[in-house]
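Listed after this line are the structures, all set down as structure tokens.
What follows is chain A paired twice: with chain B in the first complex and chain C in the second.
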Partner chain A sequence: MSKQHLNFLLMDAPYEQARTTTGFRMIDAALRKGHDVTVFCYEGAVALAFAKQVPHANAVHGRDAAQEDHPNPKDWVAALLDLAQEKGSKLTWIQCGLCVDERGVGEAVAGTVRGSPADFHKAVEAANNTIVIPTR
Partner chain B sequence: MPGYLLIQSRDPMEGGGESFDELARSLASAKSGPVTLFLVENAVLPARKSAASARLAELAKSGVEILADEFALRERGISRDRLIPEVKPAAIDAAVDRMVEGRKTLWN
Partner chain C sequence: MPKKILHVVRSAYRATIEEQDDTVLWFTQAMKGAGADVAVLLTENAVNYATEGQDCSGLAFGRKKQTQPPTIDAEVAKICSKGIEVLYVAEDAKALGLEPTDLVGGPKSISRKEVPALFARYDLVFRW
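The block that comes next holds the complex of A and B.
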């Protein structure tokens, strides 16, 4: 199959829903197959790439931050951007600007861009297919 | 062709899945292309033989291809031999492949 362009819209904030993990797995699979991907993060999903996320210790279980090895989705976003580069694919990660400002999460990992719902519309027009993963 | 890809993430016991199943059935009966119901997350639970699995078996009889995310199955300790025969385990790649085919894709 020739290179295609898939478009994903994510809405859930980090650390809340399995939907985010499934969406990331689909994006990962598409990139591994050499396809181009656009991700539009809307509402709480703009915090997925927030650069100031920090791993934390777990005092209840007596583990320090390294032992706890708490996953931060900003690292998954960065890993997907790296994977795209490795596979020769294009991953365009768009953060809804108004959603970012509302939440004060302007510092995003390198490689992401700020946009608006109009950019999602453009991506729908440009892509071969689109999936919207909504909140409930 | 190209047909439809319906991604179901909800356990029917939580509610909210019936209308999606009905959509799959009606799309299959309209014969406007292949229809795949891809079960992810807690939606894989009724893929085990249980009171809730009869609905999936009926859907398969109506012509809907039913796939279950093998990662979600493993997370929940559901081995392949516990699945009803109408449901096939599949990697998440299978969902991406169907998107690439141009299937209209909906998430529930």
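The block that comes next holds the complex of A and C.
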């Protein structure tokens, strides 16, 4: 299959819904196949790339922080950006700027960019297809 | 020609107090402003967005008052005035006890059985 450009809109905040993991899996699969991907994070999803997320220990599990290796979505975002580079794909990770500001999550992992719905519109026009994964 | 996009809104009153608007209706207007060809279909509880005379003013937490509450019905009317087609599912309105006279001017009624044909008119359908 020739290189495709897929566009995703994510809306759920981290640690809330399985939809986030599903979306990340689809993005990962597209990048592994060498396709280009644009992700527009809207509303709570802008916190997915928030750089100040920290892993924690889990007393219920009886594990310290290192043993628990608690997943932080910011690391998933960074890993997807690394994967794109490795595969020669382009991953554009856009953070809705107003959503970022109202939540105070401006410190995002490297490689993400600030944008607006106009950038989503541009991606819709440029992409072969778009999937919106809204919150419920 | 831009792609024709239909935003289907079904999740109503999600974060409307904090956002002072519905997030999808706001997004639709922002996309329109960027040149997108967009339309809106209100379904399920979101049909209530078109009900005229909604008033959620007066909210206060302690001394912190909400001075600019959302006016979703006015937003729906404004969206229509911008040339964005707004439709609602008639059966969903009826289920909510809403008559056409209860709604702001602008939105058009569509029956549930007409929805597939409506979808076929658009390049992309985003179901929020």
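Please note the rule applied: the second predicted complex is superposed on the first by the 133 of 136 C-alpha atoms of A that agree within 3 Å, B and C clash if a C-alpha of one lies under 4 Å from a C-alpha of the other, contacts with A are read in each partner's own complex, and residues count from 1 in each chain.
In this section, contacts are C-beta pairs under 8 Å (C-beta built on N, C-alpha and C of every residue); 3 or more make two chains touch, one makes a residue touch a chain.
Keep in mind the model is a prediction, meaning the values are calculated, not measured.
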Touching A:Arg19, do we find chain B (first), chain C (second), both, or neither?
first
With the two structures laid over each other on chain A, which partner does A:Gly97 touch: chain B (first), chain C (second), both, or neither?
neither
Of the two partner chains, chain B (first) and chain C (second), which one does A:Lys33 touch, if any: first, second, both, or neither?
first
Mind working out whether A:Ala118 is in touch with chain B, chain C, both or neither, as first, second, both or neither?
second
With the two complexes superposed on chain A, say which partner A:Gly106 touches: chain B (first), chain C (second), both, or neither.
neither
Can A:Gln4 be said to touch chain B (first), chain C (second), both, or neither?
first
First (chain B), second (chain C), both or neither: which does A:Asn128 touch?
first
Where chain B and chain C land on the same part of chain A: residues 129-130, 132, 134, 136
Can you check the complex and tell me which residues of chain A touch chain B?
1, 4, 6, 18-19, 22, 25-26, 29-30, 33, 35, 128-134, 136
In the complex formed with chain C, which residues of chain A make contact?
9, 42-43, 116-118, 120-122, 124-125, 129-130, 132, 134-136
Touching residues on chain C, where the partner in the complex is chain A:
2-3, 5, 11, 14-15, 23-24, 27, 30-31, 33-36, 124, 126-128
Residue set of chain B touching chain A in the complex reads 7, 9, 16, 40-42, 69, 71, 91-93, 95-97, 99-100, 102-103, 105-107
